[in-house]
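Every chain is named by a letter (A, B and C) in the order it is written, and numbering of its residues begins at 1.
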Amino acid sequence: MAGAGGGAPLVRLEGVRKSFGAVTAVDGVSLEIARGEFFALLGPSGCGKTTLMRILAGFETPDAGAVILDGEDVSATPPHRRPVNMMFQSYALFPHLSVARNIGFGLVEQGLPRAAVAARVEELLRLAQLEGLGARKPDQLSGGQRQRVALARALARQPKLLLLDEPLAALDRRLRESTRQELIAVQRRLGAAFMMVTHDQEEAMATADRIAVMRAGRIEQIGAPAEIYERPATRFVAGFVGEINFIEARLVARQGEEARFETADGPLLARRAPEWAGAMSALTLALRPERVALAPPPDAANRREAVVIDATYLGGRSQVRLRLASGLELRALAPGGAELWRPAQAITVSLDPDGLTALAPETAR
Amino acid sequence: MSAPSDRSLARRLALAVPTLWMAALFLTPFALVAKVSLSTPALSQPPYAPVFALAEGAAAALDKFGELGVAAYRALLDDDLYLASYLGSLRLAAIATALTLLVAYPLALAIARAPRRRRAGLLMLAIAPFWTSFLIRVYAWIMLIKDEGLINHALMASGLVAEPLRIFATDAAVVIGVVYSYLPFMVMPLYAALEGQDAALREAAADLGAPPLRVFWRVTAPLSLPGVLAGSLLVFIPAVGEFVIPDLLGGSDTLMIGRTLWAEFFSNRDWPAAAAVAIVMLAMLAPMLVLYERLQMREAGR
Amino acid sequence: MRAGATFDRLALAAGFAFLYGPILLVVLYSFNESRLVTVWAGFSTRWYGELWRNAQLMEAARVSLVAALASATLATALGTLAALALTRPGGAVRGLLAAMIYAPLVLPEVILGLAFLLLFVALGIERGLLTIILAHATFTMCFVTVIVKTRLARLDRSLEEAAIDLGATPGRALLKVTLPLAAPAIMAGFLLAFTLSLDDFVIASFASGPGATTLPMRIYSQVRLGVTPEVNAISTLLLAAVGLALLAAAALGAGLGAPARNEGRG
């Protein structure tokens, strides 16, 4: 892995470990972030994602493992000497400095002449649509404006990697969506690598090129959003990223790509066979609610008789809870209102063979 | 906006009782100080000839304003002792305040940066001396810095000096006494200003390329300025009028206005002069008092 | 990071050595056998015995204790009322009260003392124990107000509102909810008022007459004459008393650190 060629990753974490007292916050994480990639660390609070980001920024030193940035081991480099900048969750804007001085803070530290700082600050104010607000103090800005100042300030030094700590958490719902699009646009324009930390799976799905799902200090799965959603590797990922049904099953036979399973409610066909599972091994199948068809055509695979438990209108569509003959409960998503589904109503459903994913057994921790 | 409890009798009493008390025992006396300062000294008991008695009422008081004696104030101007005392007080209080800031800042910073669970204990330790006798704390320094005191004893025993260092009964001793006695008042507001700072601000500065010392100068120090101001006022205002410290630690040539007032009152028994000294001191400190009150109100409004 | 930690440790060590060194020396030398301060002649408690036999000093201590107890009780009542009044915003009277409360915290003591004295003379009250109590209650109530007000400001107001919502009259809500929650701060305020009164020399000198001499006044006249082991001994006893009061306050969890930011005098 020599030089900064296009193929080499920008960031490589190798077996990074960090404990605080008895608590292991990051437990042997290895991952790579490519140049120009928008990467998201997703996980519940306390999963270690923030610690991992702080290790990248240099605020924490890993107990073990290495942080390689652009081919250089920066594990012990203090934050002020790293070509990495961070946008803080609270924005951490200096309350005693104007917007312009906030944005120019890092440029002054670089030793840039006054005129050059002023010119670059002007440019960034334009980029962040903050023209004319340079003289204001942070407390004279709206939440959205503060967010853009924080972004402009973090981008001022043209970092190789920009870290974003829950960048949208402090914004209200309406503003969040437009800001998300702006963030993506800025990232595409600059071509810098962004790494975002979030607990919001929807946010991660909508912005990132790749997502790493973390749990208890470890990475459960790394992949593109669709991959994480459609083919979760573990029960945790499946459950954390949206609603899902779990079906206990036993692998009966493998036919090329396809696999046959036996369940309490009869046989099931899945289009993708798990490579790791041997014949007759017990495992869990995962199926998204939208993959449960409520009015299947007669020739549909995996048909089942079910009874409606209840239905909840979600706006535009309804979530229907069903019970199969074995007593297994399933959730399904169906277009239209909840009044279409009456409790105790008997219906036929089909479980989409393309949507069935076999989950790896839980690894011992 | 006002909650129903605002109108309750208890709430109204809670406001009225202390307000009346303070008006009677704090505000009225100052009017009296002003009044006495305009009287002429007399050798009776009380030792001043009143310009107007309380009973004479406002009308009579207004009549008498024409013939008010400004003799005490003219004396303040005529005698160099007073001017020297005022200037001496301001100078020593200013030096002492600056030194207190220098001593208190590292301490406050270290407490603010200590692990959260230890901060309360350390702060308690830093302000506990304020609870112990002021007199004893000043007295302790007599023991230390007298010519035959502990410091000189140790220095001479170790052969570092042949002659005892003359610290006691000098202006330097007064400064030491003020720094020592008022240190807790500087530490408290400094700590509050430093501890309240969001740690993310310092991290953000480091993240933007500032090495630790630069982080201090560009973020920590400017953000602590309100604490510096509050602490400086808390030390400077009372230090200007300090009596005990210059009297016990200072020399006979240490001129401070609190001591002069004391002498006018207790030794010369010239009450109008003492009152005039107090009124001028009050006028001198007024801008700082107003600033301090503003800070307190703003703090309270939060 | 590491340089900062070393700096912090040094600052703490130097700061606390400066604050406590002189006090500890006073305590140490109160147990010195010799009358000479600079010569350590072995451990002795003889100076404490001499104190006991010093009738003037004992009488002064009694006066001081009575004054401190009475003035602190008054100050606690008045200060708590003022704190309750000041936790509500607005109003001209409140503004006046607030201005009057904060000023004595920093005003030079000689000015306060002179003002009190002139008041007592004008009113024709004979100076003595009573005037000391009145003067001390007035200036220490400001400290009580600040401590209690800080605590009240941190209390959740909805607790009192919940009590009213549940049918308590505002007066009862105050008595049953707010005051008990503020009790540790009120207790701390009392302790501070007590020690401030016990400690005060300047204001007491103005406010007292020939009939009442307080302990600090006695100590002062002795200190002016020079360093003596008796003063060391009485100082040590006072320090021990204050130390116990502080421990009691800490045990009450009064959080003396935070409200103390507003306190302002020696």
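Operating definition for what follows: a residue touches a chain if its C-beta (ideal position, glycine included) is under 8 Å from a C-beta of that chain, and two chains touch if they have at least 3 such contacts.
Only a predicted model underlies this, so the values are computations on that prediction, with no experimental measurement involved.
If each chain is drawn as a node and touching chains are joined, the picture is a simple open line.
If you tally contacting C-beta pairs for each pair of chains, B-C comes out on top. For the pair subunit A and subunit C, the distance between C-alpha centroids works out to 58 Å.
Subunit B and subunit C have Cα centroids lying 16 Å from one another. Those residues of subunit A in touch with two or more other chains are numbered 78.
Within subunit B, no positions touching two or more other chains are listed. The residues of subunit C that reach two or more other chains are 1, listed in rising order.
Residues 1, 3-4, 7-9, 11-12, 14-16, 18-20, 22-23, 25-26, 29, 37-38, 78-79, 81-82, 84-86, 88-89, 91, 93-94, 96-104, 106-111, 114-116, 118-119, 121-122, 134-135, 138, 141, 145, 149, 153, 160-161, 164, 169-171, 173-174, 192, 195, 198-199, 201-202, 205-206, 216, 219-220, 223-224, 226-227, 231-232, 235, 238-239, 242-243, 245-246, 250, 255-258, 260-266 of subunit C are the ones that touch subunit B when the two sit in their complex.
Touching subunit B in their complex are the following residues of subunit A: 57-59, 78-81, 84-86, 88, 90, 92, 94-96, 105-106, 109-110, 153-154, 156-157.
On the subunit B side of its complex with subunit C, the touching residues are 3-11, 13-15, 17-19, 21-23, 25-30, 32-33, 36, 46, 54, 103-104, 106-107, 109-111, 113-114, 120, 122-137, 139-144, 146, 148-150, 153, 180-185, 188-189, 191-192, 212, 230, 233-234, 237-238, 240-244, 247-248, 258, 261-262, 265-266, 271, 274-275, 278, 281-282, 285, 289, 292-293, 296-297, 299-301. On the subunit B side of its complex with subunit A, the touching residues are 198, 200-201, 203-211, 214, 218-219, 222-223.
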